[in-house]
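Listed below are the structures to be examined.
Note that subunit A is present in both complexes that follow, paired respectively with subunit B and with subunit C.
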Partner chain A sequence: MSYPTDFKYTKEHEWIKGDGKVATIGITHYAQDSLGDIVFVELPKTGTQITKGKTFGSVESVKAVSDLYAPASGVVTDVNAELANSPEKVNKDPHGSWMIKINLQDPNELNSLLSAADYEKFINEETAH
Partner chain B sequence: MKHMTRKATRHVSQNEGLIFEKSSPGKAAWKLPPLDVPEIDASKLLGSAERKDLGNMPEVSEIEIIRHFTRLSTWNYAIDLGMYPLGSCTMKYNPRVNEVVARLEGLANGHPYQPERASQGALRILKTLSECLLEITGMDAITLQPAAGAHGELTGLLMVRAYQESKGTPRKKILIPDSAHGTNPATAAMVGYAVENLKSNSQGMVDIAALSGQMNQDVAALMLTNPNTLGIFEQEIEQIAAILHAKGGLLYMDGANMNALVGKVRPGDFGVDLMHLNLHKTFSTPHGGGGPGSGPVAVKNILGPFLPKPVLITKPDGTLGFEYDRPQSVGRVRAFYGNFGMFVRALAYILANGPDGLRQTTEDAVLNANYIRKGLEGAYDLPYSTPTMHEVVFSDRRQAKKRVKTMDIAKRLIDYGFHPYTTAFPLIVPGALMIEATESESKEELDLFIESMRSIAEEVEEDPQTVLTAPHSTRISRLDETTAARKPVLRWKPAAE
Partner chain C sequence: MPAVEATTPTLRKTALHSTHRQMGAKMVDFNGWEMPVEYPSAGGIIAEHMAVRTAVGIFDVSHMGDIRLAGPDALAAVQHISMNDASRLAVNQAQYSALLYPQGTFVDDVIIHRLAEHDYLLVINAGTREKDFDWVQENTRQFDCGVENLSDDFTQIAIQGRKAARLLQKLTDADLSGLRFYWVTYGTLCGLRNILIARTGYTGEDGFEIYIPSDELVSARVWQEILEAGAEFGVVPCGLGSRNTLRLEARLPLYGHEISDTINVWEAGLDRFCRMDKPEFIGQSALALAQASGTKRTLAGLEMIERGIARDGYKVLDGVGRELGYVTSGSYAPFFKKNIALAYVAPEFSALGNILWVEIRGRGVQARVVTTPFYKRPRTV
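So, the complex of A and B:
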């Protein structure tokens, strides 16, 4: 699975795609693969303020419940309602199945995140030992 | 399948339906004698609250009930059938002598509301067990009340909170290593603390530099399992304790892995301030469905005033009794001073073994884990090469290349007649296989286990599909856990007519 180069990534395995003031957020292929079959996605409501580095929701798989960490700060403008009934979409197409869209507080925050190449390097180290 | 050994027997019956499915109208397993008192009209007494329709209650005969539940009972895997290598769970043999003692008439029929003067024997058991556990742990005082390990953790952290409050502030955080049992952060959150994750170093131990950096006046305590969940002894434990104590923090030890230490080293001697024990792990009382558990908490004197009340004391006249006047106590945490039946069994185990026997137990548990490590090293990836104590953690890294994961190997192990090992824990090892044989197993049983695990590793290379679709010898093969979680069916309903 290749990691889109127009996304930025966190070490907590979220991706974010910025487009001016707006950004789309989801979890990576590596995240869904380590979680296994996802059975529930808990997301914030539209209008919620999320803060970079803090949790904004959670994903539950047959193995575990994991927090979702905000790659950037902003206000939630849209939530992918489809995931409530079809959480398996995150497993099937992690980079296409977005979770939330936000209005970025500061688009420059994305610059501090990992590029696709850096992220791939990071996950190779994660699985190395 | 070529050199397959099967240990637990397969049973003759096929799958068993629900008891509701066996129901047919009019059958009953009871017959009442004729009424010999005046009949009462329930509707007059209860009015509209009288229930006439009992819903779908199964109507079956007595022998159908007996057969149904007896068949179900034969599906259980048990330590009495074979090895139960669940890492971190210490599924050791529950000696029969424990059961003999627990069934002695005076103990089995004793009542918790008997007055203290009529319960001196039972209280003496609590006292003797407390003394033994204090000697084994090197601590100063103990409560036997908590009903299991996580309950012990809760009790311990309530005491941490009370202690820190007595010093001025409860503080804000609990430090927890990334290798910890999941109950540790859950407990800290229950007691109102924020959890701060502590990274392990490349040897699988607490990173001393990270701990020094994270330790400050906001940290109430560190919760540490020693040996940790990788089966590795925290070699810098004294330094860890010193770092905490220097800034007023406490060292809480999760005693889940005490089976690796009994009779060899004492947590009280290496800086631990408080800890819980799992009598249902280390001290051979039944674990899992057979429980109940028991999670005594032992503390140093500085924490004594905060122990749950009542506290067992020797009165001036030499008799034993409970003391309730403990103004700084965190309060009662369990009715009747805990699960008494487990105290009897644990004490029977301790006294039957004696100090040398307990030491031998520890040595054998560590020996068995290392024997398994040696036997499986060639077949499975060993992520941490640091010396192994009472359990060993492999990863599925080699098998994952064939898309076979730890859960698949565990399911296949069922076909070989063993209970699965612990899968996917600790979290710091991706695809973990966590194996703990305990001292109960003979070399012959360990050899059978190693041979089975090696055979599965060969199957993964030659015929991964067999492993991916296992188990094959059970009534029901691979369950669809995902659909069960996504679309749970929580109650049976009769088929529409």
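So, the complex of A and C:
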């Protein structure tokens, strides 16, 4: 699985794709693979303010629940409603199955996140030990 | 997403460990054992679960322990340390039972197999192996009966599902059609002579557990031969993840969850495996007192009405947020495509249809008390 180079990544395995003031957020292939079968995704409502580094929702597999951490701060403008009934789409297409869109408070926040190459290096180290 | 836990080198391994690794299983720490939690190659937990419900799946359960009690007083010893009535067992018959503390709470739950006139095999849980063996040894000293820890002698493989008998029959000369549930037999299996084959399991399905020598090469060969023989039936290798969801749907207790050293037999609802009418066993008098004073909590089955998954340890609340009990096991149930749980609550809240709330990340999520087991396999004629 390749990691899109126009995304930025967190060490908590979220991806974010910025486009001017707007950004789209999801979880990585590595995240969905570690979780296994995803059966529930809990996301904030449109209009919610999310804060970089803080939880904005959760994703549950059969085995476990994991928090979702905001890669950047902003206000939620759109939620992928499809995931309510088909959470398994995150397993099938993690980089296409976005979770939320936000209006970025500060687009420069994305600069501090990992590039695709850095993220791949990070997960390789994580898998190795 | 927090970082994924790495497994440590100090974990114990079964003889099939490298086989699991080679097959790409995801390994986790289970009670100090590095065990497969799921096989991505089999499609993961949900696919494994459904394979067992609709066809057949196989599990490495070699981490389970085995204690043999043999000698002239073996029956008396078994009767003293277990709550079911072992005197009712014919040779080659097995029963579900439990070892109890004097307070009537659980040392462990066990399957007791009567292998011969004065020879019994207790199959125990992985996490309680040492504790159980010490307990059995300590409490059977007064009997003329040897106690042997055979835990490391066997590779135990569970073959589970409605097609398990057809699969296994291809590999053994033992007549499986004549073997009833909770009975054992012996046969040549994959070329190995005199193999113990028990018609038992932990999935709510028909199935078998076989006990082969814990030699790595032999174990790997048998595992492979079962998978090959089962290909025509759609067999898949399964991990502990699906083992847990399968046993939860069938309401089979898990030590440390539904049963523990602080939970008694009545609370766990295991009355029918506890024979108060037999002469004597450890825990009997405390259980008689507990029975007279009434149960203060009971194990209830829950089905989530609102969206959310109840997980182990979550609080159970009433409509105004008062704490009524806690969840012992909770998960998405792959067969029902619903979220289910088992929870200890006061008996007055356990009536079927009663509405309760499970506290999920600070919020009360509605659930309904439902009948258990959630899953009962259709009986075939």
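The criterion applied here is as follows: the second predicted complex is superposed on the first by the 129 of 129 C-alpha atoms of A that agree within 3 Å, B and C clash if a C-alpha of one lies under 4 Å from a C-alpha of the other, contacts with A are read in each partner's own complex, and residues count from 1 in each chain.
One rule holds in what follows: a residue touches a chain if its C-beta (ideal position, glycine included) is under 8 Å from a C-beta of that chain, and two chains touch if they have at least 3 such contacts.
Just so it is clear, the model here is predicted, and its values are computed rather than measured.
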First, second, both or neither for A:18, with subunit B first and subunit C second: neither
Which of subunit B and subunit C A:27 touches, first, second, both or neither: second
Touching partner for A:44 - first (subunit B), second (subunit C), both, neither: neither
Residue contacts on subunit A - larger count, subunit B or subunit C: C
Touched partner set for A:65, first subunit B, second subunit C, both or neither: second
Partner chain(s) touched by A:74 [first = subunit B, second = subunit C, both, neither]: neither
Subunit B and subunit C contact sites that coincide on subunit A, given as residue numbers: 34, 37, 39-40, 60, 62-63, 126, 129
Touching residues on subunit A, where the partner in the complex is subunit C: 11-14, 27, 31, 33-37, 39-40, 42, 58-63, 65-69, 84, 126, 129
Subunit B to subunit A touching residues, read off their complex: 202, 383, 397, 424, 427, 430, 481-482, 485-486
Residues of subunit A defined as touching subunit B within the complex: 34, 37, 39-40, 60, 62-64, 87-88, 126-127, 129
List of subunit C residues in touch with subunit A within their complex: 1-4, 6, 26, 37-38, 40, 44-46, 241, 245, 307-309, 311, 331-332, 334, 339, 361
